[in-house]
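Structures given as structure tokens follow.
Note that subunit A is present in both complexes that follow, paired respectively with subunit B and with subunit C.
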Partner chain A sequence: MSYVIGVILLAVITSLACALPGVFVVLRKNSMIVDGISHAVLPGIIVGFALTQDLNSPILILGAALAGLLVVLGNEWLSDTGLLAGDAPQGLIFPALFAAGIILVSMDLQHAHIDTNAVLVGDLNLAVFPALIVNGVNIGPEYLYVMLAVLAVNAAFIAVFYTRLKLTTFDRQFANVLGMRTRLLNTAFMFLVSMTVVAAFKAVGAILVISLLVVPAATAQLISKRLSVMMALTAVFAVAGALAGFWIAYVLNTGTSAAMAVFYGAMFVTVALTAKIATHIRRNRRSSKSTAAAISAPNVGAVAGE
Partner chain B sequence: MPKRSWQRRGKAAMDLIEFFSNHVFRMVFFGTTVIGIVSGALGAFAYLRKQSLISDVIGHAALPGALLAFLMAVVVFGINGRNMLLLIVGAVVTGTLAALFANAVAARTKIAIDTAMAISLTTFFGLGMLLLRMIANNPYPGKGGIQDYLFGNAASITRADLTTSVAVGALALTLMIVFWKEFTLRTFDPVLSTMLGFRARVIDTLMFSTIVIAIVIGVKAVGFVLMVAFVVTPPAAARQWTNTLPGMVALSAVFGGIGSGLGAYLSISLGNVPTGPVIVLVLFSIFLMSLLASPKRSIVVTALRRVRARKALRRELMAEGRNP
Partner chain C sequence: MTPIACECRDLSVAYREDPVLRRVNFCVPTGSVMGIVGPNGAGKSTLIKAMLGLVTPLAGTSEFFGKPLDDVRNRVGYMPQSASVDWDFPTTVIDLAVMGTYGELGWFRRPGKAERARAMAALEQTGMQAYASRQIGELSGGQRQRAFLARALVQVPDLYFMDEPFQGIDAKSQQAMIDVLKDLSAQGKTIVIVHHHLGSVLDFCDHVTLLNKSIIASGPGEETFTKDNIRIAYEASDGAEAFLAEAG
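Take a look at the complex of A and B:
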């Protein structure tokens, strides 16, 4: 498989693997928790790397995902104490974990040569190495298969728990009344998100992964009223952004993930503005039409307006 | 240098006279303490507005501003790109823009505020990363170590930087004191504030600008990514000890100052440990102690009170049972 195709495939698969759980992250109002997770997995990644010496190791991914889960559970605990106001519980634990991660990096634990900059930004163009070779045939980057596995796990989880996720997202209290274990489901889902963040950080970096998770889903939310439509649109936006981001980065000779994040942001603004203008025009047309109808045939207009 | 610091680790911490007679150490200590005091005091308002996390957005979004300021300085003016004042101006502009963008998205679309903040944060940070890459790919003078904007490098604080930090920080604190009444009213009763004729948008912009300043002056010592802890942690700790606004702002500033000073001292005397992260851990410890053991509402005190109340109740019921 050629280098460029490897990078493009990796960008598309990674963006899909992140965007899929992103739909529920956005709807459940967990976006800033993902921000916390993405910072907090740093110490997990470093300790994991020191132990396994392999960034693609499943043990590392699951171990670091536990560090992300620590943030989720810690936030919940802090909120439950009732001693803190507003969104402060979400902003207390992750900086401490992130700081611990940076100190670990600076101590050069077990010669884990991880560049903090690379952890934050990632590098898609480097993530395609090493290639996986089966029977002497290069079948694409090894890391591509890691992301494919993550995508498969995410898709399977959402498919199996679709109804439950939907119900707990839109009416948590009703789900509780039905006897659904909403907290357990939430924890499992956040673990999945955490795992996705860890798996994707090598390609897109710990901070820009938020963009892949949140922005396509938020863009889709702007123009959809049904969950199924929103999910389909999210996938479309995610892939379009991945391809455009790759192309921009290729032309400008910069990092693919940063270009993707900027493109996603621009896409969100464009769709938001277009949707605003479209509603405005529609509303104007409707009001002028109904005025015209009311003038020509007041009785019919009154009935139709009901 | 690393070797010496490893040897030092076994011994007791460096004594204070040795610490303060070193120019670099002094700069680090006073620089970080000033940052801690200013961000602690102004963070109290962000906390009470229940928008602590906006500081995370501002911190990340300040990066492209600082880098644009660097490019402007080098390419347009041909001066030193690391000029602290220019850096602050650039960072304040993009930091404020990001905060306004997040609030506008939340107010005008159906996107919730937390998602709006995440979008703003990651888009501005992505822009910063693009600029960083661009600067790295081109031969600009004075670009060495520019990635320090991310995590800071306390040892690079010069006397001029310290002066600028103190001056800009003092400006932010002065604004806070001058508009104390307006800030308080807007924080606790926004409706009354608007009814009395105060312009909500003007006060909000002013309040967020002071918070942005508090975050931005930390860039050289702490870096943008960790500044969120300087704004969120001290007020969360201070809240456990006091019920009044002046008490909260003052105590938050004190916690910020002490945490930063202590953290700076620890990081230097341990050697080879970056200053910003150590300060964050010290601040977090102060917060945890406050949460667990502050005298009025902490977890331990509440638990003790509950045990005592249960005992008293049992005693009362027993007494009632004996002589009905």
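Take a look at the complex of A and C:
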């Protein structure tokens, strides 16, 4: 597999793997918790890397994901105790852990050579190394298969639990009355999100992963009346952004993940403005139509009133 | 003696340190329309939430048709306060009504034609069929409540819990909903309804519970909905005084 194809495929698969759970992250208004996870898992990733010397290691990914989940649950518990108001627990826990991770990186722990810059924004162009060689044939980046596995797990989870995820997200209390295990489902889902964030870390870094998770879904929600439509549009936006981001980075000779994040932002603004203008036009047309109807049939109201 | 649709014994609830309900004993005869009335902060919503397990009580037990909730969930319907959901959620009115079937679908089945037909029938009952393909955020307050009522109807429960269904709705929607309630009552269904407007309680409730952290009175409306009981429940608050003055 050629280098360029490897980077493009990796960008597309990573963006899809993040965007699918992103739909529910956006609808549950959990975006900032996910941002928190992406920061809080950093020490876990660094320690894991020092131990395994491999960012693709499933042990590292699952271990760091578990640590991320613990942070989410700890966050919920801290909120429940009422010691801190609102989202203050997030401001308390996540930056401290992130900073601990940064210190670990700069300490060159066990000679874990991770570039601070790569920690922040990742590097898709480097993430394609090493390639997976089967029977002497290069079948693409090893990391591509890690992200494919994450995408498959995410897609399967959403497919199996679709109605439950939908109902607990929309109306948790009603779901509880129907007997759904909403807390368990929430914990499983947050674990999946945590795992996705850790896995995508190598490609897009701790700061930019939130963009891949949140922006395609947030853009899709602007123009979706139904959840199934929102899911499909999210996938379309995610892939479009990955391809455009790669192309921009290629032309400008810059980082793919950063170009993707910028394109996602521009895409959201464009769709938001278009949707706003479209509603405006529709409303004007509707009101001029109803005025016309009132003029052409002035007696309708009077007849109905009789 | 009439059989009991639901009851709770010695139910106590606290949010953090504040007690909300104190040793509440509450029982609803089968086939009645029970209004739960009381001032703001009296614990009306909390009472039904605690019975349904949405709020964990400090103490006390609840039973439905003589059994714990887990055994009879398919016979119990719930209509939450409309303010509790996100109106930007990408779902249409018909989708919302179909959610009433989710409890019986099991793990892998998706709602299909039969479920949509049932949802449509429920929307017709509440006069919402014309809005079936609207996104829920495009509805007025009254239309929203009628859509939620339709979802509860789709469940075909024997016992309905409704939390402030008449809040912020227009006269037309209110009449449409009262018609449905009377229909359900005529079919022998039991309805527990949290209500805050004293003037209209007896329009559709035959039983009334006056609540203010503990039960003041509970039973047939003509016995319990008395000036003295209202005064005790509302501790002579302005709204109740105005109502009592009007009632003479």
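The rule is simple: the second predicted complex is superposed on the first by the 298 of 306 C-alpha atoms of A that agree within 3 Å, B and C clash if a C-alpha of one lies under 4 Å from a C-alpha of the other, contacts with A are read in each partner's own complex, and residues count from 1 in each chain.
Following the convention adopted for this analysis, contacts are C-beta pairs under 8 Å (C-beta built on N, C-alpha and C of every residue); 3 or more make two chains touch, one makes a residue touch a chain.
Computed from a predicted structure; not experimentally measured.
Shared-chain residue A:A96: touches subunit B; no touch with subunit C. By the touch criterion defined above, A:Q221 reaches both subunit B and subunit C.
Between subunit B and subunit C, the partner in contact with more residues of subunit A is B.
Look at A:V160: by the touch rule set out above, it reaches subunit C but stays clear of subunit B.
Of the two partner chains placed by superposition, only subunit C is touched by A:N176; subunit B is not.
After overlaying the two complexes on the shared chain, residue contacts for A:L20 are found with neither subunit B nor subunit C. Once the two complexes are overlaid on the shared chain, A:M147 sits clear of subunit B and of subunit C alike. When the two complexes are superposed on chain A, the residues of subunit A that touch both subunit B and subunit C are 29, 221. Residues of subunit A that touch subunit B in their complex: 26, 29-32, 34-35, 39, 78, 81, 83-88, 90-92, 95-96, 98-100, 102-103, 106-107, 116-117, 120-121, 205, 207-208, 210-211, 214-215, 218, 221-222, 252-255, 257-262, 264-266, 268, 272, 275-276. Against subunit A, the residues of subunit C that register as touching in their complex are 16, 49, 52-54, 70, 73, 76, 78, 80, 84-86, 88-92, 95, 99, 102-103, 105, 107-108, 110-111, 133, 135, 151.
Every residue of subunit B that touches subunit A in the complex is listed here, in rising order: 47-53, 55-56, 60, 105, 108-112, 114-119, 121-127, 129-130, 133-134, 137, 147, 150-151, 225-226, 228-229, 232-233, 235-236, 239-240, 272-274, 276-278, 280-281, 284, 287, 291, 297-299. On the subunit A side of its complex with subunit C, the touching residues are 27, 29, 82, 160, 162-164, 166-167, 169-171, 173-180, 221, 224-227, 229-230.
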